Each structure stands twice: as structure tokens, then as C-alpha cells.
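Shared between the two complexes below is subunit A, which pairs with subunit B and subunit C, respectively.
And now, the complex of A and B:
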């Protein structure tokens, strides 16, 4: 009964089975194809176009032809003081913000994991900032930093500290951007670390406790090595995002004061749209792309993350 | 005897102190996390004159819905929110569908000439491209196909960022699932595709949920691409609508606070509904590396 049913049905009599069998045989390519095609279309075209644009001087007037300048746009990078400022600002921002987020996120995750493990509700509350639209975050902090009626200056006043212009102050603007970014993205590190801590094995800790290892020793010799892959992914994702910081700066400072918060994305945006020089913007974009790819490839190889 | 007791008591006091300072730190973290959200919410219910009050009003003494009326009735923020929603859902559907198939393929099948590793890495590397890099060509691309100011253009653009992410999340998920169950299904007469659909997919549900959640949040929040691709009310998303009220001459704080708070609310509600998947999804999949 069973044999005759499976023997006669599906394969032989169903119409279109030829196509189905073909699809089944090539399933490994068919399942991959849409993603590969979409990404090819959406990345190859922009990349080729960027290379093409980067070696041309493009006039804001669409009727004028593009003028071939070879490596000219790239040579400009070397002597463009604004570009150097933007590069420096991006570096400072990335290093300070990501390091702070990492330390705070890991610390908080360890604390919660040790002292209040079961309160998922509390964990979710602490994760809220990373889910909010960055633009809403930027507006919120703009309101808090407002020099005249902002709440931060009210707190400073109550504590008897000097009032500041925060996002408008030459020395504090980058600090203000970093604080807002840390507020939004520490929860992301926190979430990844919590997930990592939740999957730690128990046995090594029991053995370590028997051997009389202190909590610090346990952390250094067990927790940190176990968390290494999670830490690597968290840092990689955060650095990649920090390198393309835009929203916060766009709303909070617009790059000022005195270019102190002008980061690469913002400068490229200004060059492309305000100064209408897309060729040069393309050259800068390629530079950013290369730096990002080189950094992350190096990092992934070092951390053995690929496959 | 007494000495042992003293030592015991001392270590207990120490234990209590450590516990207290841990709770205190967590409390501070909670206050710092929640205060800015409270502040924008509170300001959205104040009259302009109370927003500018010095010293600030910690609570809206004279609450009003004026700014909500302004943002959602007088101005098209509801339209922006609907656009954001449609774009986020569209992007998530496309990215999760294709990303899941590609992730499964990369986790389960073998390819000639080490393709698997190469393709995996290439797919991830497309995620590294800073949006600012692809904006100018994408703009021209959409211009050429007459797609500027459409929601489809935004869905296409956002898919470029979400698809690699979805593929990698799902790939690490399927790698963690035991392959034997699918093999058993095939032995029982199911096709390869059937085994994926009926066996692997249901098992990967937490991974699917986590991936979809992240795609939704990323698309709902995106700003830069939308800023450049859309200029009309029919296509602009909520973040652009909000940013548009910070002008060179005036910042409409009340209205912005109302719209900003309303942009946060659905995401926060959503986060609480799916919180289980969020942590579990990450701890099972992507994080393992």
C-alpha cells in the first residue's frame, strides 16, 4: 500500500514535474540567486559609477560634459585641510565613543547578569535607546543641551557648576555628540554582551570556584575569552556605524562650531550637495569605503570571524 | 571562634555593600536611560512658553495636546508615519524572504571552488559600504527609472542594507540547527525544498523573528537615504518630517517633541512585545560568529 502510493504519485504524474525536478536539482543556486542578483545590482552599479565619477570633474550644470581629471580628485584629498579635519574628527569620535560604549555596555551586562538575572523587563527598558530613531535622539539631546532653557544647564546650575553652550561650544561640541551617541548605542553592546553571557558554560566556573579563583580571575581567564567572538562582532558593527555617523551631527551641530564636529559623512554630503561637486565627493566616498573595508577585513581575519 | 565570627560578619557586610552599589549603579543607568525619553514626552505636552521656562518645568503643569493636533492634524505627520511603516514592512519582507533562502543555502549546500566562503564574505562586505558612498549613484539610478520620491525607491535602497544583514543572521541560525532533521524528512519522501520549508524554517522561527525585528527597526529609523531620495510629502518618512521642523530660523520644539515621541512609541511597544525573541534570537544566532 505504502510503496504503491509513493511509487506512482508525485514524480511521474504531476504536471510540470520536469521543471520541478530541474528546480530541485539546482536548488543551491536558485536559493542564493535573488540575494546575489539584488546585491550585485545595488552595489556593483554604485561602485562602478563611483569609480567613474571619482576620476571626473562634474559641473553642477547638467548640460556640461564631465571633464576627465584622472587621479586629480584623489590628489585633492592630500591638500584639503577640511578633509583632514573631518578625518580627524571621525577618528576621535569612533575611538572615544566605541570604547566608552564597550566599557559601559560590558560593565552593565556583567552587573545585571550577576545581580538581577531574571528581570527581562528591566533589560528591555535599558535597551530602549538603541531602538529609537536617531533623529528623535538627536532632537531630544538638542533640547537637553539648549544653552538657555535646556535641562542640562539647569542641573549644572543646581549643582553650582558653570553653565555651558554644550553642542555650541568649540571645546564641548564633540563631547556632546559622543554623549548622545553613547546614550543611544551602549544598549546595543549591552544586548550583545547579555546574549553572550547567557550562553556561557557553567562547568568551568564551578571548577574555578573550587580552585579558589577570585571573581576578577574568573572574569579575566574565563568570561573574557568566552566572550571574545561576541566582543569582536559588537566592536566591528559599532566601528562600521561610527565611521558613517551622520544624523546626530546633522541635527545637533551641523558640523560646527568651527568645524569641530565636521565628520566625513557630513563633509561628503556638503561637498556633493551644497558645493555641487559630486566628482570630488565620489573620490572621498571611495576613500571611506577603502578604509572601512581594509579595517574590517583585517579585524575579521585577526578575530577569525569569516566562516 | 570569635575571630571566625568577626571575619564572617565582615565578609557579610562587604557582600551587602557590593550588592547595594550594584543596585545603585543599575538605578543610575535606568534614570539616565529613561530621562531623555521622559523629557521629550513631557515637553510634547507643554505650551511653548512652558518649554522655554527657566527653570524648566519638571512636569507639564498646564498640559496640552496642542502640539499633537499641530503635528498630526494640521501637518502631515500621520502621512509620514504611514510612509515609514509601509517602507519598513516592505523592506523587511523582501530582506527576510531572500535573506533566509540565501542564508539557508550558504549554511547547507556546497558550491564549487570555495564559492561558499567567497560569497558569504562578499555579501557581508556590501554591508560595510557607508550609505554616503552609494547615495549619488542610487540617486541617479532612481532618477533614470523615474523612481525618485517613491516608496519603492526607499524599499530598494533599504534592502541593499538589510539583505546582507538578514542573510548573515539566518546563515548562522541554520548552521546551529542539526541537519539530521532535514535529512530524515528527505528520507521520508520530502523534497529538498520541502525539507527547508516544513522542517528547517519552523525551527528557525526565533531567528526569523529577531532578523525581522532588526530589519524593521533599521528601516523605520533610517534618515540619510530618505533625505536625499524623497522630497515630497507622499514619499517622505517620519525622520525626514521631524528634521524638516528644525529650520535655520526656527525650531518648532513642541511639534518636534510630539512627533519625535510618537516616532518612539510604536518602536518601544514593539520592543516589549518581542523582547523574548530579541535576546534569545541574538544569543542563539548571529552572536556566535
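And now, the complex of A and C:
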């Protein structure tokens, strides 16, 4: 029972009062209200607003009204050469980076789980890159790649190898960005795989060993199927993250040289903020959102079917 | 209404978050670096003297444009003054984000800025260029100069580089003798603003321009443009590997570390080159006007200018501060804080010119007076991006110089609707 400081029951919260009964009846809604409000403010409203912006041509002049263009901004995507370049670069980056991170992460997890399980210190060290802010990682790699003073070219020089313009060479720039991303995010895959391996049941392996199954057979027929849900989650999260790559490209190359590293997030940012065309940028953002939803739905469906 | 409220709140929150919560009489959006630092220091002086609290919100270069554009588009009034790079002026002015200063001058009993300002410095503050009303006042007198290591150039047989042929002659020899660790020339080849900024002076020095005089034609893909591109490619060949990704910092570092002999650069780098804690080249770098091609050389002007945002609630206070901050006395103080001046009296002040660190002033004043503005167009950021992509492709060798000019011509035509 609610009481005042003097110990007497307050009229408003007297048991059985209308207000208390109403509060009890609607308690679940009251408890949910903050979450719903936050979701509305931070997710629903901006999403709806983005749909609204995507079908308008928005002038940077506030005195000019927004012009409804329907699917016009989406039609622009078809003929925008820079968008096509950005889409292609994003695809290349996503496929190569995520595949490399997965193979390395899984390999490292298997290695550490099997041979050096007790070296927790090593596991911690391996996870450090993942903990760093992306901007710090980008600046670190910018210094490493710096053609004249960077440590990488210093090593190349001392080894008598030709110096390279790592982030400035058209043939190396995307590779350099992928290397930096792999360095940062392989530990994420490694961490998930390690957790997956730790939860594997022991009995099937004992039975397989008794049956004379080789290590490779055990890995192929037991480990991989058991790990499938973890692999699915890891790949899904990394693909979604890779599709919105921004920091590394912004700091390391600015999208250059020759547009070789211009990715969708960078182009959307340029269109929205540098070219002051938020309607078109919203249309591109929606495109990325749809691609992400379609990809993740397809992926989840496949994994579930496979299970 | 709702969208305006939402955006205004978002911008106000982010501005305050950058700055720490600080309510002020006047709020100014300024870039990071010496320009913003100088104005922030001036703002503190102003608060002490006049009792008007002036808050300077600092942001990285590109972010200043973005925040200014957002504040203008939403009429948020979160900034009273914006310190703008001069090529942004047409965008801000023609989209109604800037206040026409005519009425404020009249009220103050002035016809306009006084004649002590350099004429080219004032020209950029009028919209349209040099003919329209004043929409800002010049604060930092940036115009590019040619920086070179005189001793190295002399070794290569060039006393003072007067033409691009001189630069190429010296640079080729220095790069050939450099063994891959020393280069005759270095430039900003990074895609977008950097490569365009370093190409435009060469472009102009061969008589090329982006548009014809009455702006009815895009004139990038011309014989003059091709001649400029040929020199630019030759300069690339004597520059360090990786110059395709260089911005101001990389170029400045190469000069200060003594690994490159020459470059086009902005005057605020002089302070770095003359600082023993940051430079191996103290007292060794010489300054000259931009070399000539087939025509006299011309610097790109890149002044930082102060304008009043249309949505400001404190316009008169903002104007008063701008007039005070750009007075001869304050511009001199700003110069001692590392910002190039915009007034003749400061450029020729013996108290400054007698000091070693201001020995570049005569060259800089000449460079400003011989400078050319970037094409005045409200879509300049988009034009610069498109041109920068094609230049970057040429520098990287993925397209021929001829293709780059042709593609740039088409891209700029498409953006401006001028065919």
C-alpha cells in the first residue's frame, strides 16, 4: 500500500481506488511505453521520414517546397554511373573481406581450440583489434600505408623490395582497405567460432574416433554441421556491417584513387551532405536497406532449410 | 513544421554536443586548424572587451560546409556566423542561407568594407563575384604560392622557377638523383578537392578555364586544357609514388621533412615549415608566385570569409563582431596567430615584414592580387567532385589525359545543364 510520509494512506492510491485499478490494468502498457517511445523516436519516425524524403526532390533552399518526384530518385539509380561504381566496389569489398575474415577466424579458432586452448592471454590479444574504434583503426592503417614514411614501405625498403603506394595505387587501394578490415574484424568471427566450438558435444566425437574417422572427416561431418547456426549469425552480421563500410574508406582513400574504393556509404554521404541532395541520398539508403533485408532473409531461410 | 522542428533539434543538439553546453550571445561555426583557432582566440578577446560572449564551434573542413548547409536548410539559427571557404559562397548565398550585408553597412554609416582590404579579397565576398552585394567579410587571406627548396633547385640549374618548364627541368633531375627517396615535386592527388586545388593553377596558367566568360559553355576539353594536363602528368611522373592519395598533410610533411623539393601550397603551411619542432627545412624553403605556362601563373584563391546566417537571431551583434574581427588591428593580431592577412596595411606593416617568419608576405600579397577564384557556381562541391574523379583517374593512369578531359567536360555539363 502506498503511504504518505506521515504514514497515512493517500487518497489517490488508496487500494481499490480508480487510479490504482487503472494503473494495474494498464501496467504492461505503462512498462512498455518508454521502449515504444524510444523506438518511435529513433527508428520508426526516421524510417518513415526517409521514405518520405526518398520520393521528393529537396532543395537546399528552405524557401522552396519539396517537389514530389515519385519513383524519380529510384530511377536515377539506374543511370547514375557513380552509384554503379559504388555498388560494384561495395560488392567486391563485402565478398572478399567477409570470406577472408570467415576463413581466418574459423582457422584461428580451430587452431587455438585444439592446440593451445589454455593460452587465454593469446586469445585476449587476438581480440584487441575488434575493441578499437574504427576511426583509430583507420588512422593507424593510414600511417602504416603511408608511402614515404609508413612502416610497411620501410620494411619493403629494408628487404630490397619495391616501395608501394598502398592506399594510392589503383590496383592496391581496395586490397589495402580489405586488409585493414580483415585485421579488425577477423577477431569477431574468431570469437564467435571459439564460443561455438566450446559448446560442441563430446560424445559424437568420441564415437567418431572409435569408428576411425579422420580429423578432416570429423571436421566436415560433425564440427561444420554443429557450427552452422553460429556461422550463419557470424556471416550475417559481418555482411550487414560490410555493406555499410565508411570509416576506413573515408580516412584511407576518400573513395579514390580513380573511384576504385568509392563504396555506397561514402557516396550516400557525399550526395546527402556535400551535394546537398538528401532526397536522392534517401533513395540510395533505402536501396541498401532493401538489399540488406533481402540478403539476410534469404540467408536465414537457407540456413533454416539446411538445418 | 514537424520536420523542421526535428531537424532543428538534431542540429542544435549536435552543435552543442561538439562544443560542450555553452549558451552564447553569438555562435560561430569555424573550421579546425589555424583559421578556426585564430577566430576562437579573437572571440575570447571580444568577450573580455565588449562583454559579448562569442562561442566558436569548431569542426573539420568538410563538416563546416555540411553543418552550415544543414543549419541553412532548416533555418535553425543555431549558428549566427559561419566562417566559409570562398568557393562555398555561391551555394550559401544563392540558397538563401546568407544575409545581405548592405543594410548593416548603411546602418553603421559605411558604404562597405574599407579600401585597406585587398581588392581580390573583397571580390570573393560579393555574390555574384565582384559585382553583387556583400554577403561576407574576408578574414584569412589564403592564396596558393609556389614553395621550393632554393638550394636543391640551384643544384639542378634553376635559380628561381618562373615557368612550369623550369619546375619540370629541376624536378626531373632531382627525382632521377633521388633514388626513390627524394623527389623534385609533390602534389595533392587525392580524389576530389585536393587534386582539383592543385590542378586549377596549372589549368589557368595555360589559358584554360572551366567555363567561357559568359558561362554558356563548359571549356574543360580544349587545347589549353590539354596543354595543362600534359604538364600535370609530367609533374606526376617526378612526384612520389602514392601521390594519388595525397592531401595537404602528406604534401606538407614531404616538404617539411625535406623529401620533396617543391609544391604548390597554402600559406598557412609557412608556420609549419619555419617551426624547428616540425620541420627540417627551417629557413630553407623559398616562396614564389605560381609559375607561368603559356600565360602568367595564377594562384587559386581560398579565402576564409565570415558571413551572417539568414536564420540568425543576433544579426546586428554578429555584424558588429565581424567588423571588429576584420579591422586592421585584429587582422594583424590574427596574422601573428598564423593566419595570412587580407589587408594591405598588415601585409606591409614593418613590424611584421621585418620578421623572418613573415618573409613570404610580399609574394603572398602578389599571389592574392594575381589570384583566380574557383568557378562561382552554387553546385561547386558537385562540380569539384566530378572533375576531381576524372583528374584522379588520369593521375592513376586508368584513363588517358584526353579521356579525363572529355569525361570531365561531359560530367560538368550534366551537373550545370550547360551544353
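Note that the second predicted complex is superposed on the first by the 265 of 307 C-alpha atoms of A that agree within 3 Å, B and C clash if a C-alpha of one lies under 4 Å from a C-alpha of the other, contacts with A are read in each partner's own complex, and residues count from 1 in each chain.
Throughout what follows, contacts are C-beta pairs under 8 Å (C-beta built on N, C-alpha and C of every residue); 3 or more make two chains touch, one makes a residue touch a chain.
Keep in mind the model is a prediction, meaning the values are calculated, not measured.
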First, second, both or neither for A:170, with subunit B first and subunit C second: second
More subunit A residues in contact [subunit B versus subunit C]: B
Touched partner set for A:144, first subunit B, second subunit C, both or neither: first
First, second, both or neither for A:255, with subunit B first and subunit C second: second
Subunit B versus subunit C as contact partner of A:62, first or second or both or neither: second
Partner chain(s) touched by A:99 [first = subunit B, second = subunit C, both, neither]: neither
First (subunit B), second (subunit C), both or neither touched by A:281: first
Which of subunit B and subunit C A:71 touches, first, second, both or neither: neither
First (subunit B), second (subunit C), both or neither touched by A:294: neither
Partner chain(s) touched by A:268 [first = subunit B, second = subunit C, both, neither]: first
Residues of subunit A at both interfaces, subunit B in one complex, subunit C in the other: 45, 49, 148-149, 273
Touching residues on subunit B, where the partner in the complex is subunit A: 19, 22-23, 25-26, 29-30, 32-34, 36-37, 39-40, 43, 51-56, 98-99, 101-102, 104-106, 109-111, 116-117, 119-138, 140-141, 156-157, 159-160, 163-164, 167, 189, 191-193, 196, 217, 220-221, 223-224, 228, 238-239, 242-243, 246, 251, 253, 256-257, 260-261, 263-264, 267-268, 270-272, 275-276, 278-279, 282-283, 286-289
Partner subunit B, residues of subunit A touching it in the complex: 6, 10, 20, 23-24, 27-28, 31-32, 34-36, 38-39, 42-43, 45-46, 49-50, 53, 108, 111-112, 114-116, 120-129, 131-137, 139-144, 148-151, 154, 157, 183, 187, 191-192, 194-196, 198-199, 229-230, 232-233, 240, 243-244, 246-247, 250-251, 264-265, 268-269, 272-273, 278, 281-282, 285-286, 288-289, 292-293, 296-297, 303, 305-307
Contact footprint of subunit A on subunit C as seen in their complex: 3, 6, 62, 65-66, 69-70, 72-75, 91, 94-97, 180, 189-192, 240-247, 250, 253-254, 257, 259, 379, 381-382, 385, 389, 392-393, 395-399
Subunit C contact footprint on subunit A (complex, rising order): 45, 49, 59-63, 82, 146-149, 163-170, 173, 252-260, 270, 273-276
